[in-house]
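Two complexes come next, and they have one chain in common, subunit A, joined by subunit B in the first and subunit C in the second.
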Partner chain A sequence: MAFARASFEWLAPSLAHARPKPWRRQRARIFAIGLAPALVVLAVITIGPTLYLLVTSLTPASPVHPKSLTDFGDPLGNYRAMIGDGEFLNSLWVQAKLSVVTVVAQLAVGLGVALLLNAPSRFLEAVRTAFMLPMVLPPIVVAVIWKILFTPDISPLHHALAAAGMPVHSLIANPDLALWAIVVADTWEWFPFTMLMVLAALQMVPSEPIEAGRIDGAGPFALFRYILFPYIRPTLVVAALFRLIDSIKAFPLIYVLTNGGPGTATEVTNYYAFVEAFNFSYWGYGAAIATLMVTGVLLLSWLVDRLNPEEALDE
Partner chain B sequence: MSSTRLLRHGSVCILLAVALLPALWMLQLSFRAGGNIFDMRFVFTPSLANYRSLWSGLFPGSLGHSAVVSLGATALSLVIGTPAAYALSRWRFRSRRPIALWILASRMAPPVAYTIPFFLAYRFVGLIDTLAGLIIIYLTFNLALVVWMMRNFFDGVPPALEEAAWIDGCGVWAAFRLIAVPLAAPGLAATGVLCFILSWNDFFYALILTRTQAMTAPVAIVNFMQYQGWEWGKIAAGGTLVMLPVVAFSVLVRRYLVSGLTAGGVKE
Partner chain C sequence: MVEKIKRRRLLVTGAAVAGSLLLPGKAPAQSGSKPLAGTTLNVSCWNHPYAKLLTDLIPQFEEESGAKVNYETPSFPIYNQRIDIELSTGGSAYDVLNVTFIYIGRWIEAGWFVPLDDYLKDPKKTPADWDPADLLPGVTVAFKDTAGKLYAIPWTGDIYMAGAGRFDLFEQAGLTTMPDTFDALSAAMKAVNKKDGVAGFLTDNHYGWSFVPFLQGFGGDVFRNAPDDLMPVLDTPDAIAGAEFFSNLLRDYGPDGAISYTYDMMVAALKAGRANYCPNGQIFVVQLAAPDSQAAHTSNFSICPAGPKGRFPGVATHGWGIPVGSKKKDAAWQFIVWAMSKPVLKQMVERGYSSVTRRSIIDSPEFKGKMTLNGHDIAKIYVDTVAYGTKGYMKYRTVPVYPQVDKQLDIAIQNIASQQMSAKQAMQLAQQNSIQELKRAGVKL
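What follows is the complex of A and B.
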């Protein structure tokens, strides 16, 4: 048979299915060639830097001491310093507050807007795109917009409150309120993300159980609680994790609105790492904090992958 | 119109105002000159003074840097990422899932973690304050996005067409180029636009890795706040110029925007 196949091959060399093995191998080779550049580049620009970050975190690297980049005399020094560093511990607390409050607020607002938009109406469909504006704006523009709104001189909000006889001092200059000002701006910027994910999930909800619930006399709250909510809960969990991960990276808003202040009231961990690494040039210490953040983010990414409902279906 | 319907439309209108008015306030501020900035009356004589003063300074150069870096990073990540996305879509192999997870994780990593090693390496090889340096670091998020999005788009192209082409003697590479890519062209355009927006929007990397030679527009805006006193009119005008291309592009690709913005979270 082998002889027969070989002898016909010159007649129809294009009949791919007639010679499955070499064909499949050739196909796999070309796929591998297509995949390789991206994987190599990704490895060089993501795995490489991550390893170098880890290495740097084991040194007291700073520009003041030229040999410090390769000084591994006290590899855990930075990590030991972190435990006793009040400003770092404070940054973790500020981060925790900011993350929890913004994620909850964005889930609530995003879910609410999505439920409002989820009705058969040409108007509601048309305005969906408009709601995405805050999220697609350049983060620095969002920061400028809120800097304007939080600056009493030029803010229409402050002017309106003053005109109503309730003048308010600048929120971002008040240590007790600055973090809440950031929460407001961050929620405005990112509620569309939850909104989009919930809207996508709502479209997958079959109409039969809703109809059945309605016929059985369920009110709008019961319909949501017992029929809609179970369908969209996995999506809400994934949206919360995505926003949690992104909240760890919060930067432009804090940089422009408060610069981490007043004092250290809005200095989240990411911001503290930036200040240590690039304002004070303690590269080693900044790298140690960043290493900790990467560990946290990788754990959360792993969770996203475990919980992603669509991916589970994909298997 | 029933009362619940009225209530629903009414609340949506109010929320819409909350979502849009802050940006519109900045927009109108950019057309107020001098002392007009602190005037809260809605009627005023629009002036282009802020834009004119931006145009005569260094800002157009920063906008140019932003454009070059964003286009460069977009082109490079599309060229490298699209074949990889195709392979991930069509080729079933064992490490497919870990690779997808790695690509997702690289999108998640905090920028400060990349910045420290990149900064140290760039200092060494002289890429600090260069457009090339920014283009390379933008690949860290763009490449992952291209692979992730294009994989979804290729999943949507029926493989039967390519299989038919293979049987007719078309090579794998040719089938990719002549069948899969043209069929996924709208997706490719949308992915490109999203890469452009992400690069254009970047502030953190540009803040740390550029000084004057490669300063991008977002960093230039922040410099108006720090070194030249508070020039609200110029800040608002700069913000408007940085915002405009993003808004225009978003409208252009709004159909695909959702899948890109929620990449990794929602699978089409």
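What follows is the complex of A and C.
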């Protein structure tokens, strides 16, 4: 477009300055018309249900009492109830612990493995593919794998440890360790995401500063600390935020491995909302919890958007 | 064009009449015995063994009635969630539905199913030999409202009983009979636990079902007086004593990680001989004697043991009902009549169905033969237990808000067995949370 405008300018500068405005407006209108169907679809399938969720959260909706679906007598009742709901507050705390620990673990493992695999080699390429396997498995399959591994009676892991003279009791039945067991399974499933992002970032690092560093006598740690890390830091931040958003949606592992137990030791907010909405039919209350979670995820998404890696690299 | 169509229809009709005349008796008889020709029925039930066995027999109904049946059997939680939403919207997507035991209060109280009494009384709709009085009263009563109207025909009676896969270990310890009281159970567990590497006690982690016979056996209950007074009573001294006793069994005699065992894991452990004694639903316990069970030849069975305040074995049921939204209620009733007829149930027993609700079939030699497992008469345990169900102590389970308290019981037992809390603390917390949940549901306490 810049080329087209330039060609008008040398022919008739005044005309060229007069025409772009309506032309731009026309172009914007055409773009808007072209985009409209997609925006309508997006509104229907994304914004519509979200608004419905928000509206439902303002009612005591329950399918058992059809009138409750449109009862807006106490629109903030569900939100007030949340403040006094010990189980909900506990679920927030469990969620926070799970999110922080899984994100840190996934970043550390993903970064470490990416650094080990960042070399041109057919063998390492095959290893990279193998490491991606957990991430592409259906989450429910991952949960079943870990359910077997965490059940002492049938677990090859427990049997091997017992045979080596280090018997370990059930982790998922221990209230102090159950959340850690979920962290292990979740990290196994999702560290390849961080690994892939970091590998992509590492392959964008120019070779000159690394070579210069080596000539200057920098060791592997110094090379990482002063050359590689500044390059991949924005990628790590974005990966962390993506994983943080995803950790809020943790469900299959908890549903299959612990059902939120022992007691409420692994009952995260997502799972609690599911139980309230679908086991007890408190749709309004479940919607209020979900609305709170959507708000949190939107805030994190906005943060991801603000930390665009390319812009950060340009800076 | 109209003329052509008319002529074509005339030719087709003529050919059909001619055909019927060529096959004397056949065609008129077919149209007469296929009263539901052209009708499509949508039927759904959760994937209980009965529902799966019925899948193979439905073509018989289609053949006899002329109806087409769309039949689905999703898993238990999926079924309940899907149908709860469907019923709440008054939808007409289904014609015949399973009325799930724990949702009886909610679904029937909300008026989502039609009463079946008029169908049962009408000789044009229900054959005289169908014999509704043959259905076990102990399970049928669950589907009646306070006015005595019946809303579903029970197809199963799931009873709470006890089984021991390694009864040989009991015998080695000098115990010749299955424990009949909680005290005897406690002593037996002490004697057999870890013998031959086998955990003494196991039950699945749905304690809202498996713990309640112990709660009631100690004199406790779930609600003060269900269904009229739904004030939870989980923190009474009796309830706390029951919770402590039951949790100790799990903690002291259960396999490592006992509180993480779901019902499928429990059955696998019992059949593999990794756990010994199990009080639970009949559909799970009788699998100890299945052909692929390593415990088949060492198994023994009994009625649920009694506590200091009596014997309270769980009795659950599920039944066929007609949702109010159905547009084909008469056809739906014909399906229920067929599915619960004696000939169809006999066929199911031949194929391995064990929780029949018709007394005439339970008393038949064929059923008794099938239900004698490793020399033990399960049919007697079944009938005796169902008879307990008429006493009314199961009413706690069919109130609309029971799922909320059910979850609190699960959490309480896990909290005690994993030693996060004392029995008193855990049951007090369960009481407090149950009250909060019930208030949220609009229950006036």
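By our rule, the second predicted complex is superposed on the first by the 273 of 315 C-alpha atoms of A that agree within 3 Å, B and C clash if a C-alpha of one lies under 4 Å from a C-alpha of the other, contacts with A are read in each partner's own complex, and residues count from 1 in each chain.
In this section, a contact is a pair of C-beta atoms (placed from the backbone, for glycine too) under 8 Å apart; a residue touches a chain by one contact, two chains touch by 3 or more.
Worth saying up front: this structure is predicted, and the values here are computed from it rather than measured.
Once chain A of one complex is fitted onto chain A of the other, the partner contacts of A:Phe278 extend to both subunit B and subunit C. When the two complexes are overlaid on their common chain A, residue A:Leu98 makes contact with neither subunit B nor subunit C.
In the superposed pair of complexes, A:His169 makes contact with subunit C only, with no contact to subunit B. In the superposition on chain A, no contact is made by A:Ala240 with either subunit B or subunit C.
Shared-chain residue A:Leu253: touches no atom of subunit B or subunit C. For subunit A, the partner touching the most residues, choosing from subunit B and subunit C, is B. Applying the stated contact rule after C-alpha superposition, one finds that A:Tyr52 touches subunit B and leaves subunit C untouched. When both complexes are overlaid on chain A, the residue A:Val183 reaches neither subunit B nor subunit C. After overlaying the two complexes on the shared chain, residue contacts for A:Leu111 are found with neither subunit B nor subunit C. Judged by the touch definition given at the top, the superposed model places A:Leu42 against subunit B, while subunit C stays out of reach. In the superposition on chain A, the residues of subunit A contacted by subunit B and by subunit C overlap at 153-154, 278. Put simply, subunit A touches subunit C in their complex at residues 60, 62-66, 81, 85-87, 150-154, 169-170, 172-175, 257-259, 261-265, 275, 278-282, 285. Partner subunit B is touched in their complex by these residues of subunit A: 13-17, 23, 26-28, 30-35, 37-39, 41-42, 45-46, 48-50, 52-53, 56, 61, 69, 113, 116-117, 119, 121, 123-124, 127, 129-141, 144-149, 153-154, 156, 159, 188, 192-193, 196-197, 200-201, 235, 238-239, 242, 245, 248-249, 251-252, 255-256, 270, 273-274, 277-278, 283, 286-287, 290-291, 293-294, 297-298, 300-302, 304-305, 308, 310-311, 314. Contact residues of subunit B toward subunit A in the complex are 5, 8-9, 11-12, 15-16, 18-20, 22-23, 25-26, 29, 37-38, 40, 80-81, 83-84, 86-88, 90-91, 93, 99, 101-106, 108-121, 136-137, 139-140, 143-144, 147, 166-169, 171-173, 176, 197, 200-201, 203-204, 207-208, 218, 221-222, 225, 232, 235-236, 239, 242-243, 246-247, 250-251, 254, 257-258, 261-262, 264-267. Interface residues of subunit C, counted against subunit A in their complex, comprise 81, 84-85, 87-89, 106, 110, 205, 255-260, 265, 268-269, 274, 400-401, 403-404, 407, 410-411, 414-415, 417-418, 420-421, 426, 433, 436-437, 440-442.
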